[in-house]
Amino acid sequence: MKTALRSTLLLCVLLLIPFAGLFAADAPVATDSGATAWMLTSTALVLLMVPGLAMFYGGLVRTKNVLGTMMHSFTAMGIMTVLWVVCGYSMAFGQNVLGGWFGWSNDYFLLQGIDTNIMSAGIPEYVFSMFQAKFAIIAPALIAGAFAERVSFKGYCFFIALWGLLIYNPLCHWVWASDGFLFNLGAKGAIDFAGGTVVHISAGVSGLVAAIYLGARKSYPHLPMRPNNLVMTLIGAGLLWVGWFGFNAGSSISSGLSTAQALTATQVAAAAGALMWVILEGLHQGKATALGFVSGILAGLVAITPAAGVVQPAGALAIGTLATVFCYLAILLKNKLGFDDTLDAFGIHGIGGIAGAIFLTFFIRESWMAEAAGVAEGWNTMKQLGVQVMAVLIAIAYSAVGTWAILFVLNKTVGIRSSEEGEMKGLDSYYHGERGYGMINPS
Amino acid sequence: MKLVVAIIRENQLDQVREALIQAGIERITVSYGSGHGRSKSEEIYRGQKVVPNLIPNARLEIAVNDAFVDITCDAIINATQANDGGLIGSGKIFVMPLEECIRLRTGERGSEAI
Amino acid sequence: MKTALRSTLLLCVLLLIPFAGLFAADAPVATDSGATAWMLTSTALVLLMVPGLAMFYGGLVRTKNVLGTMMHSFTAMGIMTVLWVVCGYSMAFGQNVLGGWFGWSNDYFLLQGIDTNIMSAGIPEYVFSMFQAKFAIIAPALIAGAFAERVSFKGYCFFIALWGLLIYNPLCHWVWASDGFLFNLGAKGAIDFAGGTVVHISAGVSGLVAAIYLGARKSYPHLPMRPNNLVMTLIGAGLLWVGWFGFNAGSSISSGLSTAQALTATQVAAAAGALMWVILEGLHQGKATALGFVSGILAGLVAITPAAGVVQPAGALAIGTLATVFCYLAILLKNKLGFDDTLDAFGIHGIGGIAGAIFLTFFIRESWMAEAAGVAEGWNTMKQLGVQVMAVLIAIAYSAVGTWAILFVLNKTVGIRSSEEGEMKGLDSYYHGERGYGMINPS
Amino acid sequence: MKTALRSTLLLCVLLLIPFAGLFAADAPVATDSGATAWMLTSTALVLLMVPGLAMFYGGLVRTKNVLGTMMHSFTAMGIMTVLWVVCGYSMAFGQNVLGGWFGWSNDYFLLQGIDTNIMSAGIPEYVFSMFQAKFAIIAPALIAGAFAERVSFKGYCFFIALWGLLIYNPLCHWVWASDGFLFNLGAKGAIDFAGGTVVHISAGVSGLVAAIYLGARKSYPHLPMRPNNLVMTLIGAGLLWVGWFGFNAGSSISSGLSTAQALTATQVAAAAGALMWVILEGLHQGKATALGFVSGILAGLVAITPAAGVVQPAGALAIGTLATVFCYLAILLKNKLGFDDTLDAFGIHGIGGIAGAIFLTFFIRESWMAEAAGVAEGWNTMKQLGVQVMAVLIAIAYSAVGTWAILFVLNKTVGIRSSEEGEMKGLDSYYHGERGYGMINPS
Amino acid sequence: MKLVVAIIRENQLDQVREALIQAGIERITVSYGSGHGRSKSEEIYRGQKVVPNLIPNARLEIAVNDAFVDITCDAIINATQANDGGLIGSGKIFVMPLEECIRLRTGERGSEAI
Amino acid sequence: MKLVVAIIRENQLDQVREALIQAGIERITVSYGSGHGRSKSEEIYRGQKVVPNLIPNARLEIAVNDAFVDITCDAIINATQANDGGLIGSGKIFVMPLEECIRLRTGERGSEAI
């Protein structure tokens, strides 16, 4: 039990260097069955977010596109898992290659070298690898919201494969691998506890670029398009909230104090974001919508993602609230500007992620700042802010340019935008030969 | 015999039905439709007011003997106006000739079968 | 590992004094990563019950109210979380104030004093606090079933906020805080393992009071109102069952024998309740409905909630079965009397909770009774029955009177019953400006 | 912590002798709170598969049968749980009786003898028993897919009760009890990590037999029958995937390396199976359907079930892919032959289970083969293949004959096929007096 | 030309369709409606028998040439009665005059286009 | 006055609506139906091509004054043919006499109310 205590303390320290040194163990490490249990659970919870996202997005599109949109989430489970096992894990968590553009370790090819590895946190490396795999699934699935209802199925499949390889894996390496350059920025690195930069900002920005590149849906915005199933969207949001506990609290790679702190921050920020959204809508429109409430949940969850390890409940309350304000405004602005970011991948994930990464600076636990000051003397909020802004800008720039390049190439080859006929008939019948709700037509 | 088709606001279905029953018209068939007329209804989508271009309506079909056409129409008109005060989008009534009506159960035909 | 053994034994002892002494630790305690893992999981599972409840209730109302009804569950997640963090935890688990009406500890304000606390059970206090927060969410969300389809959104929001502060927090304090007076009743306290009194009886009774106070829905009962989506109700019940494992087994605040006992009792009672319901319906109506089956699941789960820690599988079988019989009869009676407890919050949660709290007395594990007899000589079933009945009556009286008072005040101020127009148009369009199922109308 | 290490090693060894020796403990064992936590979680996850299955199957039938089909899964939760507690656990894990046909231990009656047992793996026996109970629920619920849309509710209830008692419990005993004869076949037994034989092959084969015995649905196949809700089917598949982590990784009865290996194999095989299915469909039909994708998920998951403990990611990739190919072909064949295995219980679970049990032989971890060779000199792939084929054949033969006998008896007594009127009106209204989707008709 | 509108029990849709096809009537349009007539159907809600006030029906629309009106009606009547034995709620047939019919694909008009 | 009922492919609803609006016909009612005609549509079910026997359609109801009947029909014909090139299953238009039309809001009757 002493060991447990020590490892808890250790983990507290490691908390903000997520995944750092986890690989450094030389001596054989004992498995911590408790930490392993929670990481297994977290892996399951993050996987639950994928059907959750499928429901969230699927409910918001028009009836004729419901299956196609859900398939965007589901196919990400298939494609990204296989890629991750083959080479993604290696690119993300291997040793720096090509000047640190990404990583590589032959050992990690098909995960064959980690069959019996136990990480220094006491969990089998397989679990860590599978937990991380889920992040690589979620990120491209989030993008799909930006160009929903008008993307060809084949084009989408190629897009997420390339995006995962060229955008996600490098970014993940920079931010989370122990030799990643963002991981080593400033005193204690750029803070991205559970993927604000890696997952949400990159997905949000890529989504915006893709939405602009593909162009708006036919007859957007003059023809309003009604969600086919808000009920399902609500349930999906509920599952996302539940799954996010795995996403954030699991990112502590432990089962102890830091896990608890992350879980608490997550719960509080989600609630604060949701309440703020209905308050804003109440003031602005006179009605508090269900979609608004769940959008607020997401805004809060996204914003707390980078911050969950460093802020206390009061900070989480503030971050959730602020994120919602910015997301709300961003979506109003988008509507003014007329971009067709269909399901607001940028408005929620991009803006929420940016807001979280920046604002967290002002709510960092004192103990963390003290430690940072121990590492780099005179380290203060403003310096950390600089690091955060830098990391955000790099993530934005890299994903924007990279996504644009991928789309450009795909557009010239397999094609990415759905044919006009496909868009009109609906993705479901055109690409999948099916319809979502047989029950609404006699048959 | 006539077939009266009334397109009404979805949310006035209950009161129209009650009015019809009070007027002695008990047999109706209702289905859902969506309409495009002069009316506007507003929904909100992420902080934006949205005017759906097809508004959900209920569609009533009532087969009646000639003598009941006016009773039926009046019942519908009163029920909808009473709750509406001239708001746009109350709906329409269409009256069509009905040549034959058959009760499946008994095979009765004509006005008996209505 | 010895420590683990010892703490397991300790926990067995603590089992029926739930949450007692958990705060007593003076010496620093090591984190038990396994217990923490299960408590984190339980927290996620209980959160899953909220979308589960939203689906259960949402499927039973008419199409025009589906979103509004689901929002009742969802907004509880927002409002109760924020309140809990701000002051709820303090009111529930702080030191007695105002003669023990509720608790208070300045430390718990915004949870700022527990940032690094580890409880004596080896779990971070944050986890306990968040686990408990979910109970504070579920309870008011349950009430919403009683006055579904006719409550104003704003009124509901105020209602649950006040109800949480004035009814739930005090009750929770009485039953579970170490200085709560129900916690100290009799030899080993009134048995309420996971919230039969605190959550279900209080919610059920409050629901009944509210249903009567607000009055029946327009044209109830002469106009039958058909569930819009029984399929969703079934799925919701499935999620509730799964989540209830967290609710009950999590209430052991450990991961060991007592947890396993609670989980087993939960599974058995739910199954028994469900089977009994379809058997009753089969005999009474000639058809076994799906809604009946899931109502039976709920009845069994509710009844086993107070009992999960003290009964063996045979007892759980009996309690689940009995609870269903009483709930079934209660609902028949309600239909006779003509109360419009729309979704039977009282019929299931009130009656089920009461049945469980009372009947458990006859199935208590011998070891528990022996221990109780050790504390208070000659302690026997009848004496414990007295304690249970007392606790139940107090919970009924307090929630009934308190709820009535809250409703009275709200009715004079913000208003609680929806306008007639809102009820006719449906909550969805009137309060939220949305519709649940876009797919059923062409658009 | 040393103990933890040792127990981890121990568990690695035990991994392929699932559940063996778990009962052997003489000295009192300390609870491993971490392993217990994961086993509790797994129990919850496997329970989640039941609503998941209800959604999967429920979405595929016609509108008029949706509740009836979901009830098949739900009633299994009720009936099988009660039976398991009363006698199932005893029949499956008690001592050999009747020459090893099944087991029995009076202790296990109503689980009364295990109230405080801790197994040698450090988890309370209750948890193991409840975990196993879920398998006994899932198996008959899977069969229901084969004769969906034409079975009487009462007949179904009797069928699963008898099937559980006479087919499932004995099979479970043979394969997993330490004195089961399949468990002791060859060097290290027939490999069935998480129930490929016990659950999937037996359910698939029984399904086929039942489908043939009951005969096709009226107007099958000339009248195509459209799924009422593919959206729900997709979500159900998502939940099944998540729940399968409990199913497979939980079957390690630990929280350590073997758990992690099983989880990884599960994830990889599901993804590979899903991708392969859409590729096949793309080549064969020109369209990749959503139902195809989720069928591929299931095929992969089913096939990896027996194998999850012994194969590495590359093997899982191969098994998932191969299983999909065989399932796809099997379903084409079925359509040619004209059997009405309505939802392909045999095509997916039977064939997938067989494919997994056989193919796993070629991908076994070297360390396992080395150990087997240690036990029986010269043990090699071909010998193990013999054992696997033997186990598969026995499972097929036993379930086929047994199911046929049960159906024969039921057919003469309570009746099993629904009345023609019931089939025409739909199970929902005929047997349950309800309809699934109130919202599609004005009311 | 006539337009035949038949309101039938939802669960008799299949047999009516088969009967129509046998009678040579292959083209129909079907939608869902809910009806209020003399029929009663019972559902059960938590131990209580409930009589929904609108009963789910199928609504068939069949455009036919005059010569086929009787054939159509007879096919429907026979199919429903055969399975029903005079239970209340079998439904109704309404026959309306149809002035024009156009096949969109070819632009054909009149009885050719039916 | 006539009531024009058009059964069209579900996925041509948008373009038909646009064509109608351009032709000055703004008021319509749309509902879902499923049809059985000469058309075939294919869906795929687990590796098998399936031809559903009822194909989802949209059903438009448009009440027009006599002068507008041809305009309406032409708009629909053009909109569907433009996108279809003679594929089977474009749908049908039925024109029925309409005897009366009432605007519920104002009580106006006849061609004023259309």
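The first chain written gets the first letter, and so on, giving A, B, C, D, E and F; residue counts start at 1 in each chain.
To be clear about the criterion, a contact is a pair of C-beta atoms (placed from the backbone, for glycine too) under 8 Å apart; a residue touches a chain by one contact, two chains touch by 3 or more.
If you're wondering where the values come from, they're calculated on a predicted model, not measured in any experiment.
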| item | value |
| --- | --- |
| Labels of chains that are neighbours to chain D and to chain E | A, B, C, F |
| From the options A-F, B-D or D-F, the pair that copies D-E, where over half of the contact pairs coincide | A-F |
| Separation of mean Cα positions, chain B and chain A [Å, integer] | 49 |
| Distance between the centres, which are taken as Cα means, of chain E and chain B, whole angstrom | 20 |
| Distance from chain D to chain A - Cα centre to Cα centre, in angstrom | 33 |
| Approximate Å spacing (C-alpha centroids) for the pair chain B, chain C | 45 |
| For chain A, residues contacting two or more additional chains | 1-2, 4, 32-35, 37-38, 41, 66, 223, 226-227, 229, 255, 285, 287, 289, 291, 432-437, 440, 442-443 |
| Overlap residues in chain B, where contacts from two or more other chains coincide | 30-34, 43-44, 52-54, 96-97 |
| Topology of the chain contact graph, where touching chains are joined (line, ring, star, complete, other) | complete |
| For the chain D and chain C complex, residues of the former touching the latter | 1, 3-4, 30-38, 40-41, 43-44, 47-48, 50-51, 54-55, 58, 66-67, 70-71, 74-75, 77-79, 81-82, 85, 110-112, 115-116, 118, 123-127, 129-130, 133, 153, 229, 232, 255, 428, 431-440, 443 |
| Contacting residues of chain E [partner chain A, same complex] | 13, 30-32, 58 |
| Chain A residues touching chain E - in the complex, by the definition given at the top | 442 |
| Footprint of chain E on chain B - complex, ascending | 3, 17, 26-32, 61, 63, 96-107, 113 |
| Residue ranges of chain A in contact with chain C within the complex | 1-2, 4-5, 8, 32-35, 37-38, 41, 45, 62-63, 66, 225-231, 234-235, 237-239, 241-242, 245-246, 249, 254-257, 259-261, 263-264, 267-268, 270-272, 274-275, 278, 285, 287-291, 293-294, 296-297, 312-314, 317, 365, 436-437, 440 |
